[in-house]
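Sharing a structure here in structure tokens format.
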């Protein structure tokens, strides 16, 4: 299975008055991790869009296990759960500096042809890059 | 069951380059709707915090059905699914100006005693206000 | 001079661990106020964009006088400082529930023809609506 | 003068429907750059707060020269303009991947004693670290 680790630093503006990272910000963190996971395959999400495929999100599930705090360096492990067809599912696990699992989630994205606005198949470029991980 | 409707206007800054409301912003929308739902009971989430109980989120699930666009006036229907004990579950349904259901989600929150940082029961004030809806 | 008042409620997610509205969020507040100020003229910023003119920001200045807090109902007074030509300047003053001035700022926007990507004059629709205020 | 360079990647969620980084997000970018500039001095903003000094923003000025786009790797140069006393002024210059200056800004912060909520002098730790740059 394809997995990738990405690190990000919690910003002051990401916290709320509870002193925790605001729950609404995890979707942004997942996007950063997902984007870097794709980059590690040798191309970018931006390039996929440039080739005419956009990938809006259809579902997101988040489990908040423990808070994240300002200035923590979080590690986000991103997995692609299966070979994508019309959908692609990413799973995320976020670890804090002590290696404790503090958040788990997943997002489902759908491939849309930007010209027709219709559902389409995952781009070849992406499928070719992922194939070795799912054989 | 307790239900409440709230309307909000999509901000320019909430959109992304796809022209849709960015998927990561729905948690913010849910918070606004949840906060106004509590206000309609005769007190505020701020007061609950002031009385020593905070309510971090433990889970969020979001289903993105159709995009929301800049300047749309969205209606968010918030429901509290059952009488809260140590947890409280809110469900949300977002409708656009044409009355089309475009997003569904739910969040689970846990009651934490701010002094002890331990899980606690839902505050009496909240339970009393909700009781009539669940008898 | 054209002036307009708009009220908004501070969201939990807008605060940071200092317990204040995070300084980076005021640009969003200004946008909401500006957008409603334009709506009060009888059309929308969205319509101006639909007619082929976009208005990116060229400058923003913000003076933070006192903090804003979660759940406060803020009043934002928006003024358009002069008849727009190629630029339009909005000034903002934010008052809290006690009527105290807590924030002042301004933004300068430039009119861009979306087809040519060149600077253009303020749309007639906007000029006609503003004329009575600057004679 | 003390200067520091920091790189950050534009997130999808930072863009708006114009396809540009939303103007309201630059305050967040400045914070990231400022925070890393302080870290490069051998301690963190978090530690300064932990020692009882908080630093709310009193002013921000932003000049938007050219747009920033999704996935660009921006370089933010942060300068501290003079030895801090009761105030500290940071200036920022943002360059895109082609080395073009696309944004300039500055923020003024004030030192507040968290116990008394009164204005105080810059912490010794910070002054000692900055001294060599202003002699």
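For clarity, chains are labelled A, B, C and D in written order, and residue numbers in each chain start from 1.
Everything below uses one rule, namely that a residue touches a chain if its C-beta (ideal position, glycine included) is under 8 Å from a C-beta of that chain, and two chains touch if they have at least 3 such contacts.
Just so you know, these numbers come straight off a predicted model, no measurement behind them.
Here C-D and A-D are compared, and the pair linked by more C-beta contacts is C-D. Using the mean of the Cα atoms as each chain's centre, the chain most removed from subunit D is B. For this pair, subunit C with subunit D, the centres built from the Cα atoms lie 24 Å apart.
The geometric centre of subunit B is 33 Å away from that of subunit D, both derived from CA atoms.
Computed centre separation for the pair subunit A/subunit D is 27 angstrom, with centres defined by C-alpha atoms. Among all residues of subunit C, those that touch two or more other chains are 12-13, 18, 22, 24-25, 27-28, 31, 70.
Contact residues of subunit C toward subunit A in the complex are 12-13, 15-19, 22, 24-25, 70.
Within the complex formed with subunit C, the subunit D residues making contact are 18, 20, 22-28, 30-31, 54, 56-64, 67, 107.
Partner subunit C is touched in their complex by these residues of subunit B: 9, 11-13, 27-28, 31-32, 35, 44-46, 70-71.
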